[in-house]
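Look for subunit A in each of the two complexes below; its partner is subunit B in the first and subunit C in the second.
Presenting the complex of A and B:
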């Protein structure tokens, strides 16, 4: 069932941000992304058109033969949500390290201090993780964590519940308790464009219920969070994600990351991974 | 066995002056290919560890010091003076397995300077006599080139002597840089010595 890294869909730009054309990298190869009139396109270095999909506010492409449609997020389509184009952040790290960090909650009190977490509320209780064979995705559910300010719309500390979904090797979706609408989930995504194995363009995107914050406020909140993550991601050794179990020391709080690494091995996705101890 | 490098050998390597690592701080240092986290505990004890948390590979030099422990900034994993993990905040009731520990190296303070042995050694820390620490200088040359230009074998400390009785502890870096930690006779004016060191650096870096 191993599929080439070229056969997955990757984000390459914000629909709202593409005008004329610009060069970028995908999987270490030059591509050009652009818009002619109302039509978005992506071309390889030889000028051949690559397949495209417009979804979640972004333009997506596949440098090989798409093995299927790009995943969907039905929850994000419910009416009344603010769709937030956060923009992009370039990070000198493996695309897989960026995704793994997004799946992790234990760092909140130390990296996003007094925003997404605070001492002494550091405990991560047991949650559920599974690799869903039928959809070929990794899911973590019943993840709970105390947060001083879970979202721009949150007043004071609350225990937030999360679900994490790895929908493709470089894309993850977070479903999170929605402060103004109990019972609904806010959707926060991390779409990663692998520029090469040790450099990526990260495109966060959100579909939130928030009637009070301005678009600028929601964007800057998420950018602040990601800047804090970047200070971690650019200082991990090795730069690539180690898949050799002996290289790093996970605990129960890291079950999502353990499942993600196992899944990457299972599907044979090794771009940005380190297979043996250096 | 110490650090063997082309044209020289050193058991102890100076990685900085004590004044550059105040109490309750941690800084990154590098000796050739080895990244180090040098930290000073609340009680004033210096430590030299490998700059990598065993959990998720984060640099420990970005961490924080509390009491006699160093914690990783990523998930707060806390290590005691021997480098053993003593706390994993995500699991407050868990006693961390003994196998989780940060790489740690012998570290000593002598002559207001922090010395590290990257490999076990019986050798004493270099004796600088009555000299006192003046400052550290970065030089855009390899340690080997600096020693060769000074016409000396590459050892932990190269004595220059002269008016100020200067001695240089060498911290090898890459093929194109190293650090010199400089010492001078106690009666010498710091500013004058510092100026002499600038001249020395310019001479060293000047084209052949």
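Presenting the complex of A and C:
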């Protein structure tokens, strides 16, 4: 049986940014997020308290009955990392489109020119993708791409290795070669709060090894990258993510996207998705 | 020269762009405007009591208004100056309308969004009418045959209008003008404003 969209955990604010209370939307429904003294809370429109979890610098809630604990990222817990609250950006797009774009590598040379990619290094080499039944997650591994400036801490071009993980329908984690510490992975996440099916609030968060950059520089770098994606995301047609083949024909480079769509179909997560072929 | 900078700020981009076009190196100091509101931190308020960005520091000189900074950067470059006061005023109006609509849409600033967009459209029509007149006279820039600080002041908030939910599809003269600015030697981009792709003439 598929889990209801209400039974997943969703990010609704930065722990460092919540003071007093603010109204927002979750899955098209009004909620209020706030803090009283040291206690964080989320309430529905009727004033009922919703379950909360504090993790990865964010406050999370679940409008239904949580089907389990919020996922963990053990790699982000290793000591010495800078934990970066990037802050939210609102985007007029389906929450699933936002996640899918985060999983896509092929657009780097064209949208993040001279930073995450550059012509003529546009080829996406073959990589591995699988749906891991035991944890109910999508994983892409052995992803390699040439990047002129892979991170704030990178000097000059390097071939970066990536792993992508879809840990929940609206949350993805990227593990990336760490320029100052070969052997470790930098952790970059995209947590999406679905305001409704075609509008979302995106909360990127990072756990990086970087002793040289200031916090403001790391935040700026990630906001720069994400804002380069925003205009693309707002102009995608159809607005919702098509789960059946139709207008959008995937190619070899889109393997992660294909697996993500297949997985959404399998688990029955259709909020922000288009089911009939366009 | 040190620029206290926020990567998504249209006003900071005016300064970065002007400096790039002049070949003037800047030392950028990133300020965590969002989400940490670092522009209101004690250190930044000491530098600029208004708590705004950009802030340009050059030796003892501290400038906090983008138009003042553009004038400062071009003080010895008369070619970039012109009869531009009217268009510098328009730049402020664009910032208060389209600029606020953009901050509302991306960073949730508390703004009357319908009023901001309507005011922005009014400014765009003014700009389109003037640029169309200029084109009839064989000119492409706001104040003549070549760009001045007025173009650099008006360009960012205009080009970023779609970020605030205002389309530029219906303004052909503005689009050609933006293309002319993006073609200038030394042009740099910012998120939401793309560089021109290299064009090759068909053989």
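As a working rule, the second predicted complex is superposed on the first by the 276 of 278 C-alpha atoms of A that agree within 3 Å, B and C clash if a C-alpha of one lies under 4 Å from a C-alpha of the other, contacts with A are read in each partner's own complex, and residues count from 1 in each chain.
In this text, a residue touches a chain if its C-beta (ideal position, glycine included) is under 8 Å from a C-beta of that chain, and two chains touch if they have at least 3 such contacts.
These figures come from a predicted structure and were not determined experimentally.
Q: Judging by the criteria at the top, classify the pair subunit B and subunit C on subunit A as clash or fit.
A: fit
Q: Return, as a multiple of 10 degrees, the angle whose vertex is the Cα centre of subunit A and whose sides reach the Cα centres of subunit B and subunit C.
A: It is 50 degrees after superposition, to the nearest 10.
Q: Between subunit B (first) and subunit C (second), which, if any, makes contact with A:90: first, second, both or neither?
A: Only subunit C; A:90 stays clear of subunit B.
Q: Which holds for A:16: it touches subunit B only (first), subunit C only (second), both, or neither?
A: In the superposition, A:16 contacts subunit C only.
Q: Looking at the overlay, does A:249 come into contact with subunit B only (first), subunit C only (second), both, or neither?
A: first
Q: Is A:215 touching anything from subunit B or subunit C once the two structures are fitted on A? First, second, both or neither.
A: Touch partner of A:215: subunit C, not subunit B.
Q: Per the contact definition in the header, classify A:231: touching subunit B only (first), subunit C only (second), both, or neither.
A: In the superposed model, A:231 contacts both subunit B and subunit C.
Q: For A:52, is the partner it touches subunit B (first), subunit C (second), both, or none of the two (neither)?
A: It touches nothing on subunit B or subunit C.
Q: Give one of first, second, both or neither to describe whether A:223 is in contact with subunit B, with subunit C, with both, or with none.
A: second
Q: State whether A:82 touches subunit B only (first), subunit C only (second), both chains, or neither.
A: In the superposition, A:82 contacts neither subunit B nor subunit C.
Q: Compute the least Cα distance separating subunit B from subunit C in the superposition and give it as a whole number of Å.
A: Result, nearest C-alpha distance in the overlay: 5 Å.
Q: Where on subunit A do the contacts from subunit B and from subunit C line up?
A: In the superposed arrangement, which is not itself an observed complex, subunit A uses residues 231 for both subunit B and subunit C.
Q: Show which residues of subunit A lie in contact with subunit B when the two form their complex.
A: Spelled out, the residues of subunit A in touch with subunit B are 106-107, 109-111, 119, 122-124, 231-232, 235-238, 242, 247-253.
Q: Can you name the residues of subunit B that touch subunit A in the complex?
A: Residues 35, 51-52, 54-59, 62, 72-76, 88-92, 94, 99-100 of subunit B touch subunit A in their complex.
Q: Going by the contact rule set out above, which residues of subunit C touch subunit A in the complex?
A: So the residues of subunit C in touch with subunit A come to 6-8, 29-32, 34-36, 38, 105-108, 162-163, 165, 191-192, 195.
Q: Give every residue of subunit A touching subunit C within the complex, in rising order.
A: Against subunit C, the touching part of subunit A is residues 14, 16-17, 85-90, 92, 113, 214-217, 219-221, 223-224, 226-228, 230-231, 234.
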